[in-house]
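Note sheet for the following structure.
Order as written gives the chain letters A, B and C; numbering starts at 1 within each chain.
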Amino acid sequence: MKYVFDFAWLGQYWPVLLKGIGITIELIAVGAVLGVALGIFCAWARALGPGWLRPAITAYVELIRNTPFLIQLFFIFFGLPSLGLQMSELQAANLAMIVNLGAYSCEIIRAGIQATPRGQFEAGASLAMSPIQTFRYVILVPSLQRIWPALSSQIVIVMLGSAVVSQIAAEDLTFAANFIQSRTFRAFEAYFVSTAIYLLLAIALRQVLAAAGLLIFPRRMRR
Amino acid sequence: MIEFSLWDILRNLLLATRWTVLLSLVAFIGGGLVGTLLLFMRIGKRRALRLFARYYVELFQGTPLLMQLFLAFFGLGLFGIDVPAWLAAAVALILWTAAFLAEIWRGCVEAIARGQWEASSSLGMGYVQQMRYVILPQALRIAIPPTVGFSVQVIKATALTSIIGFVELSKAGTMVTNATFQPFTVYGLVALIYFALCWPLSKSSQILERKLNVAHRNH
Amino acid sequence: MSLIEITEVRKSFGANEVLKGINLDVEPGEVIAIIGKSGSGKSTLLRCINGLENIDSGSISVAGAQLQPDEIHLKALRLKVGMIFQQFNLFPHLTAGGNVMLSQMVVKKTAKPEAEAMAHKMLERVGLAHKFDAYPDELSGGQQQRVAIARALAMQPIALLCDEITSALDPELVSEVLAVVRELAAEGMTLLMVTHEMKFARDVCSRVVFMHQGRAHEIGPPDAVFSNPKTPELKQFLGML
């Protein structure tokens, strides 16, 4: 093998990478917050919500979990405009990530809700709280705490999966790598560097989520 | 301009689905073999191998599959071979699948080992014997549902190989869209075909899981 | 008019009829012990009064308000009747104070300072003012149950339902909870309690209800019920046969 590795392009192109990193972080920040919010709503609807809503949520969850994220993204970005829903690349990327994480986190959070002892629901009810109030103030936080590690892993998976939003020209980290390789013809080096950055981002995201867990759930779980 | 009927679209997509299925099988079987190897390194006695397997898994689970595909595609190219997309796709997917399967299976082995280890070592068995006769047979049983479940991830992961130019279902979707200008219909159908492939596996995994849980409770 | 009026209440789980026409009127300030074998329907009766189970027929009213299974009626009823459970059911993510404050703020929309003051007062009443900031898993079983009592009291109910509230406690912790209940009784709180503490029932209660196979088999003042049971079932239950 005569290939000589060359990373000299980094000197010129690091701002491009930096911008890509920024967008990837932005995507996962928005996607995680809104995706988990959607997941909480769906988990509530599926476990405790009105009967008519449950089949719709189930269909949504099954559809998302059994199709590739790439196709969801293409459907949203290329398909929805024919229904008059036009959006920018970043909006489509955001929406796709929210919809995707919403479905996965729904299932994870639902498991947390179902592991709640029945007495917690009854204690809430006997204190004259409505079912929604009981869910909001009594059930939700311990349920989230129970499944926080699984939810964190899923958020990391969605962050790594977000690499494909470059395919609709959302200018994330992968888009930056594509751009650099097309200019420098240093494809392997460009992807090598961005892969390393993704690895660091994943490690950092795990740390952030663990810290967030400590912040949201200051107490260790009983049992 | 040619008119495409729904049937034309669907036929083209279904023809490409063959490649999705084939690539999934290759990735799953190849990944299973490499994954087994990794598993034995991971739970084995040699520290260096254990560490290697651990970092391998961490690396492949901590980076985007798309990047792994790019690196396989361009990395193999560095050896001066003109790499066909299918080869890069198969290599990357096998290595990626192996990491996840090894990790899933390690969880199963450890779940069994926790309870059984002392029991079997008190019977005077060696490490290999314990593994062979006590741990692995049981671990295999509880490993089936999550393994079936992961096959769904493999099928979905093959969609990414379209990006390096392998023509399977997703790539066909893009090509048909470019010819028909009907992205809503085409990507809708593509999604439904993936769903038809994945959903039965998801359901089987759930059913197997439930059966296993019932069996465990009846013990 | 009685405070709690239970008339011909029936309740089935599938084919299993658990309550077979219960009649019981409770006057304000009465302390009623419900005794009976396991499975006789004691818990189910209490849970029906609190609307945790829907009754199949008959009626329950508390202070003139009818029990009905819609959210508005249930809320009105539960504001009048508090319930304390065998397993305490404290909220694990909130401190003792937080447990007592939560429903005041959420249900009654009490402002935080008032809710906090009330929580202090109620914890004081059960002897746990110093545990305001402790989490449930930092408290003993007896302390947890006393917090649960404080939590129910903070809603200012006119009656309390207690379902075997000392059964999950280590023996040495039973008395501290019973002491609190005794005090409540002395202050005139209306109490309906399922209990196995016969001595306590005898000392504190105004009436004892013996439940057998889904019926209020024998009702009377403790002396009559314990010393002079009329039915063979009660005699057997009390170990007199």
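In the analysis below, a residue touches a chain if its C-beta (ideal position, glycine included) is under 8 Å from a C-beta of that chain, and two chains touch if they have at least 3 such contacts.
To keep track of the chains, here are their UniProt names: A = Polar amino acid ABC transporter permease; B = Amino acid ABC transporter permease; C = Amino acid ABC transporter ATP-binding protein.
Given the structure is predicted, the values throughout are model-derived calculations rather than measurements.
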Q | Chain nearest the overall C-alpha centroid of the shown protein atoms | A | A
Q | A-C or A-B - the one linked by more C-beta pairs in contact | A | A-B
**Q.** Reference chain C; chain at largest CA-centroid distance
**A.** B
Q: Determine the centre-to-centre distance between chain B and chain C, using the mean Cα coordinates as centres, and give it in whole Å.
A: 55
Q: Could you grab the centroid distance between chain A and chain B? Build each centroid from C-alpha atoms only and quote it in angstrom.
A: 21
Q) Using CA atom averages as chain centres, what separation in Å is found between chain A and chain C? A) 46
Q) Which bits of chain B are touching chain A when the two form their complex? A) 59, 62-68, 70-71, 74-75, 77-80, 152, 156-157, 159-160, 162-163, 170, 173-174, 177, 182-184, 186-188, 190-191, 194-195, 198-199, 202
Q) In their shared complex, at which residues does chain A touch chain C? A) 117, 119-120, 122-131, 133, 137-138, 141-142, 145, 217, 219, 221-222
Q | Of chain C, residues touching chain A in the complex | A | 50-52, 71, 74-75, 78-79, 82-83, 85, 87, 89-93, 102-103, 106-107, 135-137, 148, 151-152, 155
Q: Under the touch definition given earlier, write down the residues of chain A that touch chain B in their complex.
A: 1-3, 62-63, 65-72, 74-75, 78-83, 156, 160-164, 167, 174, 177, 187-188, 191-192, 194-195, 198-199, 202-203
